[in-house]
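Every chain is named by a letter (A, B, C and D) in the order it is written, and numbering of its residues begins at 1.
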Amino acid sequence: MLNSPPFSSELEEFRGTVRTFIRENLPDNIRKMVAVEQMDLPREAQARWHRILRDRGGWCCPSWPSQYGGPQWNDAQQYIFEQELALNDAPRLMIYGVGMLGPTLFKYGSESQKQTILPDILDANTFWCQGFSEPNSGSDLASLKCEAQRVGDEYVINGSKIWTSEAHIADWIFGLFRTGKGARKQQGITFLMIDLSGSGITIDPLLLFEGTHEVNQVYFEDVRVPVANRVGVEDDGWEIGKYLLGLERFGTAEVSRTKASLERLRRIAHSEVPGGSRLIDDASFAEQFDRLEISLHALEMTERRFLLDENTSKSLGAEASMLKVRGTEIQCDVFRLTARAGAHLSQIDLPRDQIDSDLNTPYSLGHTARNYFNYRKTPIYSGSNEIQRNIVAKAALGL
Amino acid sequence: MIERAASRFLQNRYPFEVRQKLINTNSGFCHDQWRETADLGWMHLPVSEHFDGHDGDADFVAVLMREFGRHNYQSPYFTSAVVGAKVLEVMAEEPARTDMLHQIAEGPAIVSAAIYEKQSRYDLCNTITSAKESGNRYTLQGSKVGVQYGNIATHLLILARTSGNQLDCEGLSIFLVPIDCEGISFDHHRTHDGGRVSIVHLNKVAAERDSLIGPKNLALPKLQESLNFAIAMLCAEMTGVMDSTFNMVLEFVRTRTQFGSSIGSFQSIQHRLVDMYMRCEMAASMSSEATRAVNDLTGLEQDRLVSAAKAEIGRLAILNAEEAIQLHGAMGMMDEMPVGHYLKRVFALNSLYGDAEHHQARYRKLNQDWQT
Amino acid sequence: MLNSPPFSSELEEFRGTVRTFIRENLPDNIRKMVAVEQMDLPREAQARWHRILRDRGGWCCPSWPSQYGGPQWNDAQQYIFEQELALNDAPRLMIYGVGMLGPTLFKYGSESQKQTILPDILDANTFWCQGFSEPNSGSDLASLKCEAQRVGDEYVINGSKIWTSEAHIADWIFGLFRTGKGARKQQGITFLMIDLSGSGITIDPLLLFEGTHEVNQVYFEDVRVPVANRVGVEDDGWEIGKYLLGLERFGTAEVSRTKASLERLRRIAHSEVPGGSRLIDDASFAEQFDRLEISLHALEMTERRFLLDENTSKSLGAEASMLKVRGTEIQCDVFRLTARAGAHLSQIDLPRDQIDSDLNTPYSLGHTARNYFNYRKTPIYSGSNEIQRNIVAKAALGL
Amino acid sequence: MIERAASRFLQNRYPFEVRQKLINTNSGFCHDQWRETADLGWMHLPVSEHFDGHDGDADFVAVLMREFGRHNYQSPYFTSAVVGAKVLEVMAEEPARTDMLHQIAEGPAIVSAAIYEKQSRYDLCNTITSAKESGNRYTLQGSKVGVQYGNIATHLLILARTSGNQLDCEGLSIFLVPIDCEGISFDHHRTHDGGRVSIVHLNKVAAERDSLIGPKNLALPKLQESLNFAIAMLCAEMTGVMDSTFNMVLEFVRTRTQFGSSIGSFQSIQHRLVDMYMRCEMAASMSSEATRAVNDLTGLEQDRLVSAAKAEIGRLAILNAEEAIQLHGAMGMMDEMPVGHYLKRVFALNSLYGDAEHHQARYRKLNQDWQT
């Protein structure tokens, strides 16, 4: 492990505080799910951990202002907190409600929207999901077609959203809908929030090829949505969408998560094998491992520079894209190497409830291959790495 | 001819939807289909004595295995008719040899190799399982991993130590043991690619004296020769997987549109497809070489070329499978699309009988022996 | 070294014959130039070796029919012969006259062109060079502008050609010139042969960044060329150009040359170092070496399949491009690894006349870095690898 | 401030054409320019005692070295003011120390390290050159390679064996010897990147007793500490090379047209530029880390981070330089274009004081020490 430079003593003290809290309060069954790299935690587990953090002073919502129950941490504190979550096998924060809709409402929401929606996110009473992509609008998001026709005080929704993570455990969905046709396809898009329990909504699971149920297709048939559920101006939702995508992409580098994954692999590689040799003593494996460790350190330092340097622009357009690209590339490399570590035993498709996360040895590693397959999604989701490169070429290089 | 017949059979009887259902049955094995493939004569192919005309020519088996790869075919064929039969052909004595080979070729016997152990990774010398001689019997003690289709096997080929220490390459022997032998127990598992694999526990298993197959204490050279054949066949299967994977992507980028154009019209996508295509060609060449190695070469020359092929093709095939998913975008992650299942298959094939890293290291080791 | 499958016993006997001849007749000073990877041999050296081969039965022109003095070898014989040249440090065949213009004249030339031009190529009396690229027409060759205006029985040439290899040692140039403007830029192009000693021609050397003089810019100012020097039909030269480019690209995979280079690196890596360890005993170096060896073998087998298999189309469009791409990629990798082998001593820029090709040890290797730099041209020349990928995408994949 | 001043100086006094002329002069060294840089105070920077306020902070030297990299600046600065001065600062005794450091900082003394040998590659332990004590003197015998700017050096820092065997890491000592000492002879060479390097032959060189610098037999730990500083500065220089190389390519693809469009409008080119750009960012981060290592860390932690940085940046810089040429097409091969000269520079910088492979292996070795 390459140690990163320490922060100020105040911040390092802060790190100590959050670390201790996490270690002492994270329920063991939840820690184990995270330790085997499970991304799609059950709603109960998410809610439980979220509320433990909430009770500690709104830590479940690190970026939120105190008036809405958050700790109002600065960038460095948020960064350190998320690092400690990752390095101590705590679940990811709830991205859709906490990370995306919250900031969107702070910026674009009406006062009454803030009053009604934010408390239920803070308390994990409402689970949100995000409806952006459509069957024929993936990378080319602005070509979306799911229609919201204005009828009096309501919008009538028809169409569908796809790759909707957590729709099957969510109560509400927010997203972009087509309300008009402008000269540019970016016009005529509106940001709406929709109650998933309403009539006319069907949620079909879409299984990933390694078997997990994380995403869904959400169908809307004459679903009626009050105009009050619109955020911002009609037909002008594209700006909000862009803002949101920026928020999402930013978290997807997952540097600290990958650091934790690499530490797991280190333990595997250093575990003694009776009569056999440790994996780390294989020169070729060791070189691959070391190179990933160094690349990841370079990325971590770059991320810190981008996020916390006063000199870097806070807009983080191209920077977020670069972090996403390199972060997911390295993440996939780490998972590939981990999956190979188990040799014959990596082939076993163990049911999740039989995986013991504490058996970090080169055998009993059936889940590592599953993770390798599952995490192939990361260079694709949240704007594929190809799209991210387009963004960097345009935003940073002016091409 | 074999190619066309196999392709037609698999197209009709093993389309993607059928495959997915089959791998999700309890045993992951369809007895009727196994019967049919036996009737097609496929299981005769790997062994010389049993097939008229072909004389165990690796070319014919390679053609079939490539077809299996193309259709992502899951069955105990490789385990039993390739590995099992080849080991028996090379190592067993008559008349047991002819008898078993006949049973394998006709289908009733399914033989699975139990040669690896938890700590061994891909190193066969590293064997703890012991076989102690006492009177007319050997007593086998230990456990084995990576036993393919142990759930439906009728016999196991067990590599066990008859002398020496854990890491010695000498002192190893092969035993053919029916699975109902007392003291054998199994943990059966599904594999990621829909196959079945078992961990086998041997607790004071009493094996008859004649269950010893091949030379006592000196099983490894012959076993390695059999496995070279098997590895060459895995190379062929991987090229089949690569063919199909590539064709899927090509079809996908031709038809999928984004930003008003087919994504295949974007130059950066085109160049990546070209790289995939070139990898297919390189893999095909190395697969032919692996087949040539087991047909025409012996000893170190055979070992080196087989390891070179497995290392290179394993790498290329995994790269291509990952690229294929990436180029499919989110669709590539879907269970309902075949492409992800080909990645799972290639991951398994790369690992079987030594992954790319293992064979790269073996190649180095062999080069040292070869040059000195 | 991975041995390739033997050919038929007749062909292997043929191989023995040519190998023996090469080893016994290749002048040592020429062999040494090739053994240090020098591509640009002096005219005298080229001519000398060419004539030695000619005297053996026209071996200097392996593909030529016997009526023009060639041995009329079949594909397999030509392949084996070129392999043996490479593996025994003999110079490359004279590409422009022998490999390109000859076949072009067989296919498109008039009887009198064949009669006057071919004998001087056979005897190495005339050295040829090729004028295709222009300052603003590199990858986009068909956009060429160098003008050949028809005036009576002559063309008057104005403009320039660039990257012209060997123009400084050549007597004549052949190439494509703009004679008209068609609807498509491929129209209005004519294939001409021009005497470089004529008035109005200036040849400016263009040094490569590592210092060698291999290419030139050739300027034409009112250069008068008889119509008799035209090959094929006026305005219809693009087809000939494409034919020619196919011939050129085909040779640029240089598989056997790279095999010879890798064998040189093997000798370096296995040479004993007093008290130190051999380079091949370094695990990381050895793995890189082995992987190159295996990749190169895969390419060699692919080349044999493409060139000699009855089933493969003889047109070799996409196939030649693939061989060129992979061939030059591996070639560059081999030269990079070789350059690193010398550590401190690779840094020394030894004048060519001080390089001793027989000192194949990890030290005294100043030329290896020069070769690394020089061979960076190979993924660029003869249609850059980017252009080759475009060709494959179109021709083989239909994209 | 240093950055801007250095940039201005180099832009004015060291444009590409001037550089190319200078490296082709007989000595490859311009005395007047050397004088000027001494006057600018640059040579004070690496050593703490000699520069007001900066205290030898590696950050300032790193900024300067990065600027050198950007302008592909060739001079004995690194050799003498960084390596030479740092070794003396860390190892020499007063008053010789202050005296030599002063001479280096003012310009008249040019010190070059003679620490590698033909067989040693980058392994300093592997030293044959011997220093035998006899009376008041040491007699040095052997030869050294990779002696930068030996042609204009005034002093050599020679690593020689005072006890032990060829591969022992103990038994090594450092001697500071003026080049006019009897028995020293040189083969001077040009380097590919336009610098100068010598092979030094030591034939019964009689070195005074006080030419021994630092602890007898135990030079290596201190020497390695000095070299860590030097390596961190090479990392900074490489990031400068990467900056310029990238900017050249960006400018080129923006202006160069093919098929009627700027080649920068092709998506496949764009994606490759983005990869280059990301490599620049990663290298910049690792360069900062290397500087931090020599400023704030010690021992194994410093060693590890410095080697990690050199390995990573060396790889990234070479990749980018090769890509830069490729993206320039044939223009990239031209002597008159700067881009190729940056590849030559990066090739040299990667090799200096251990190439990427060496530092990758060193990192592994250090990790073993670190974890056990």
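Just so it is clear, a contact is a pair of C-beta atoms (placed from the backbone, for glycine too) under 8 Å apart; a residue touches a chain by one contact, two chains touch by 3 or more.
For clarity, every value in this text was computed on a predicted model and none was experimentally measured.
Chain pairs C-D and A-D differ in how many C-beta pairs they share in contact, with the greater number at C-D.
More than half of the residue-numbered contact pairs at B-C reappear in one of the options C-D, A-D or A-B, namely A-D. Centroid to centroid, with C-alpha atoms defining each point, chain C and chain D lie 38 Å apart. Centroid to centroid, with C-alpha atoms defining each point, chain A and chain D lie 43 Å apart.
With centres taken as mean Cα positions, chain D sits 52 Å from chain B. Of all residues in chain A, those that touch two or more other chains are 284, 287, 386. Within chain B, the positions touching two or more other chains are listed as 267-268, 270-271, 360.
Contacts from chain B toward chain D in the complex involve residues 266-268, 270-271. Considering their complex, residues 116, 118-123, 126, 128, 145-146, 166-167, 189-193, 197, 257-260, 268-269, 318, 322, 325-326, 329-330, 332-337, 339-341, 343-344, 347-348, 351, 355, 357, 360-361 of chain D touch chain C. Those residues of chain D lying in contact with chain A across their complex are 250, 253-254, 264-265, 267, 270-271, 273-275, 277-278, 281-286, 288-289, 292, 296, 301, 304-305, 308, 311-312, 360, 363-364, 367, 371. On the chain C side of its complex with chain B, the touching residues are 2-3, 5, 270, 286-287, 290-291, 293-295, 297-299, 301-302, 305, 322, 325-326, 386, 389-390, 392-393, 396-399.
Every residue of chain A that touches chain B in the complex is listed here, in rising order: 133, 136, 138-140, 143, 162-163, 206-211, 215, 273-276, 282, 284-285, 332, 336, 339-340, 343-350, 362-363, 366, 369-370, 372-373, 376-377, 379-381, 384-386.
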